[in-house]
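Two complexes follow with subunit A in common, the first pairing it with subunit B and the second with subunit C.
Right after this comes the complex of A and B.
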């Protein structure tokens, strides 16, 4: 009886808990945490305008408007405390917001959450009841062909493709026009990179975003379509499951070495040759070039997928990456201008208004010689004294050249170029480079030997994002290995080892059994010290 | 009780200890804050050490030693354990074969990246044409105690505008660009970086960046910019004041050491 009353009291307390915290709490502790750890990006006054703000796209949240993207509440509603805590605890993937769980204590995170609500008077109005929407459970069979087909049907019919594009790479016809409520440019999400979704990667996360919308952005809520009986709740789930199916099941793991298997015969030189589908693919993250002036804080290419195969004479290397535009594309000029105006810059000239239709570019970098030790040229395009060998591909003119880079600013083309074939397919570039392993110019061209770890790095430019020159996305050094077929002779020594081990084992048993027979059954007698 | 018999038996105790040690080294150690996956060669070393320890323990007393050997002996001779014997005869050579195959099969791996994290600093550097002697140098801004809050604020602004993408909001080297680089950006919260360095060492690393590292620091991999191209001398000292202020570490001082913060 008493226990029941306590439970009831606890339940009542829990239900009014947010209100109690807000009214009764002293926010000094939260303010101290905020000023120390949050204000650098979100600003002293919570306006999302701290000193780091202009180096970030998406920009840090402006708390004064109390408009939040990732919520469990209906469109236009304030977020719940749990929504705010989730963003603080887990961070917002694909943005600069880190996960603060493990960095700040539970108390500090709760305090700072309470404090950031004081930036907006909307939260002070306790008459407004903040309630999460009721979300249904995910229906099963979401990975089945029928479910995905139904999801795709609604992807088309409710207009997802307008921004996210036909294949979901964020390249829809409306994508170049997108702005958030504050007027900052916003990229339509690339639905092939669920690990960068602000609200989480699962089908349930996607379903919630479809129900709630992303307030302050062009992404609307689709709850009203259920109310209007345009689609059922289950069909919205199917759409979420379809969107989830566009990304890999797991966040791609970065592996150091690209293994190029050896095949017999001709290499797949075309980007869409069916042979590529059978080859392992490797993900390499790219980040903004923030090392040499002018730096670039808004890289549009977040990474490249790489596959490689060789036949002992030639290497074929396929690089695929998501790019919202086939640059140069004048439809994106206004977007490019907005990006340039939004981002911090090291140089005042050219002014941001001078947006130009730059091409898309990709560079694949090797040292000139495969190093014997660990020493290699400077990863960021070599140096004047120690150049690197690069393949550079541009979308216009559509061609690849080989050359030596001596730092970011200097590139000298070499006479021999790799063969390159490229396709732009609904928001994705796929480029295949093909080159002989050995070339006549052994002084400048890397000689691609089999069985060696060949350093390799990647650089990408999205022209419609204003990227050119040092404004690019960069990777660090990784390795390419042209594997040799495993010769049959390698099984010889393991076989010998097995036979020897087996023989020794039998010898030990036989010896032990002879002694055992003489010395009695497992007794504790002397004379067995040498038994093992 | 069967269970008790095993728990009291030195052989099964030894086996349990080895399994427990393996689990701790491989699965528990990486979970500890600030630690990473234990490399296979190190696991092997640790396991060898544990094995030696266990063997010393079981052979320490005659009674325990003979009990320890009982199950081994039994497995070799007892007629009822014939299946176990046969199983071992198959399993052990198979394992040996597998390990040998793994050794001889040629797969190309990334070369080991041996890198000195805190290489010895030069005694002096040239900063924008001006010679700065690092040996014995303290942060000049600390001579103006009254202005220190202003320098800290300056340093904070500079940090957020420049250092944040790599070194992160929490100064722990996990900024949103960090996953793109190898080596990972320095973690200032860790007790192995600025906590054990003099401010002049930090100044050198900030001013000259990755390209200014000596060979043992693998300058070709470091993404640390050469900040003398971006920041003035005072701005760099301000940012250093901020690093210590924000993390709560105290810089290593010259009174205690003559070696300039080199590890």
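Right after this comes the complex of A and C.
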């Protein structure tokens, strides 16, 4: 009798509260979620070919082959449900895939996970072995010098540098030849940007990727090495810890104001002057230029590190950024061609030209005059009637010029070129610009004054990624503040910062509201691609 | 294009069979049965295989006296085409049961090239992937009917894997050395061969029946032909690929 009543109760509950089947996976409900939220990128048939796919590199996952990068299973094995849920819940950093936790309910996410498994017959094949590998716990002392030295030893001995480069910037000799399983060009990960790792930034995440490999990519599994006792499990951990040590301990926070301290005497004009190591550095993310055609959805430079210092007469500004190639470099021409082909289906007009050995470029932008309020010229290189003052540096010829930009297409050089020194060091550019704070041409050259919030923006081009002209990476406006050595700055600077932060806060809110209004597709891309 | 030319009995084909089967494609011994043997001809001007730039790998480079080339179109001195995978595509009786594999098939990475470049293996048979170079290779299998794998081999070592499903062909590649490609045909039966340095192939031990034979080449695609065999006879089936 009791059992009957329980069954009856369950039946009633099931009919009244369909939500009770949350723990189950409903592929019909999952399809509805999929069509609404996923198909735009991943395609109606799950082949990774939705309408938005052509603007993405890396491309959206093709579910039909059931080949997944981020797993806890052995190389080539199907992912566990938990693996799939993690990608859905947390997204895949460094790609267009956002985190869906919070956007979709627990049930919706579980259902859509069940549905995407139906795109491949492998998941229905009961002979497939789906089991997470057993991972050991991270050994302690991973941040110590001895451990890191050991990790570095294995970085060299097992050939990581072949793709990831000697210093881990993704610039190894095999890097320009890499393709994913679908034949699209693929970058060897820049190991200095752990916050962009698809599988997560921690040493444990890295260890797991070493064990499982990243299926569908050139990244192999190193588990056989442990099985055959070429490496111990602890040694693989040391390697993971070494790789982790290449990135900042925390994901860099974007601070809006670059503070240039005032020093006495000569400024560090050389990129590797030891003085730079003692100065605070600021991270500014860059995104593809997607406003003006031809647009660019595959920027190779994801951000710049900026440092500044002045002595009351001159300013020295060091910009450092990761770039896999010292362009122009013929070793990268075929890769560049593949990138341009991959991105060619964009509605760009004119279409991307054939691959050419473009140089690398960087632009630092200021308004002509420091504004009193929040009004600034158009961030995207000004306008015909309201130009901006820029420093433009190119890798070949290796020089910097100053000039006025009146939009992306027009640049008129001025005589006030900054001095510029640059080094390319294993996948990283470091360029120091030096210029007098005051110049004779007060009408066109920004006059750099202390104690003011000077708007500044950055642009970068990786020639070997096919970047030239409007195909570039851009930032929005930030600020440069030349600090005063006098006690006054103690009061003024925080005030400026406060006002600026308040203004920016408002800006962020307004923008967020606007972005929210764009709906699913636009909002998703906005995270990395079009959030300009 | 699937003409098998003339399918005629040839008594002296056994020698060629042995030649074609020698080396890497160790197949289970098949007792009795019929055979199909033939040559894969090539007409037209063969494209030059790209020269491999091994500057980054002095250890591999040192293994060659002349610059090494990729092995995309290997035309033999006698005008035949090597590295063509020839196999029974259909026609086996439903009751046919393949003999158990007798040992592993070895794929060697030597001189930053794969040996062999094209080969066959049975479903479930062990593939022993050997790194004779002692430098970093990764070996990636990119099948669609089989699960993929991608193994790092940074030293002299051997890894073993098996395939679970029929698939012609599973591409194998090394991403450290973008020029390294090999192809493996995975079959549920031992009726396959690869054209060798004299262009000949052989399929032995066939039960009586009518079969569709397919010849596969990585650049020139596939051709099929139909052949009927009885008893222990040997029939000839030649294929011909033309330069594009």
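Quick note on the criterion: the second predicted complex is superposed on the first by the 450 of 532 C-alpha atoms of A that agree within 3 Å, B and C clash if a C-alpha of one lies under 4 Å from a C-alpha of the other, contacts with A are read in each partner's own complex, and residues count from 1 in each chain.
Assume a residue touches a chain if its C-beta (ideal position, glycine included) is under 8 Å from a C-beta of that chain, and two chains touch if they have at least 3 such contacts.
This is a predicted model, so every value here is computed, not measured.
S.K.: Who does A:265 touch here: subunit B (first), subunit C (second), both, or neither?
M.R.: neither
S.K.: Scan A:76 for contacts with subunit B and subunit C and give back first, second, both or neither.
M.R.: The answer is second: A:76 touches subunit C but not subunit B.
S.K.: Using the superposition on chain A described above, determine whether A:375 touches subunit B (first), subunit C (second), both, or neither.
M.R.: first
S.K.: Looking at the overlay, does A:224 come into contact with subunit B only (first), subunit C only (second), both, or neither?
M.R.: second
S.K.: Check the residue A:178 against both partner chains and state whether it touches subunit B (first), subunit C (second), both, or neither.
M.R.: Second partner only, subunit C.
S.K.: Examine A:397 and indicate which partner it touches, taking first as subunit B and second as subunit C; both and neither are also allowed.
M.R.: The answer is neither, since A:397 touches no partner chain.
S.K.: Residues of subunit A touched: more by subunit B or subunit C?
M.R.: Higher number of touched subunit A residues: B.
S.K.: Jot down the residues of subunit A that show up as touching in both complexes, subunit B in one and subunit C in the other.
M.R.: none
S.K.: For the complex, which residues does subunit A have touching subunit C?
M.R.: Touch list, subunit A to subunit C: 65, 67, 75-78, 122, 127-128, 157-159, 162-163, 173-174, 177-179, 181, 213, 215-216, 218-222, 224-225, 228, 230.
S.K.: Of all residues in subunit C, which touch subunit A in the complex?
M.R.: 56, 135-136, 138-142, 144, 147-155, 157, 159, 164, 175-178
S.K.: Can you list the residues on subunit B that touch subunit A in the complex?
M.R.: Checking each residue of subunit B against subunit A gives 33, 66, 69-70, 72-74, 76-78, 85, 88-89, 92-94, 96-98, 100-101, 104-114, 156-157, 159-161, 164-166, 168-170, 172, 174-177, 179-182, 209-211, 215, 218-221, 223-225, 229-230, 246.
S.K.: Would you pull the subunit A residues touching subunit B in the complex into a rising list?
M.R.: Touching subunit B: residues 36-37, 40-41, 50-52, 55, 95-96, 98, 100, 102-103, 254, 256-257, 259, 285-288, 290-293, 297, 344, 346, 373-380, 383, 451-453, 474-479, 481, 483-484, 486, 490-491, 493-495, 497-499, 501-502, 505-506, 508-509, 512-513, 516-517, 522, 524, 528, 531-532 of subunit A.
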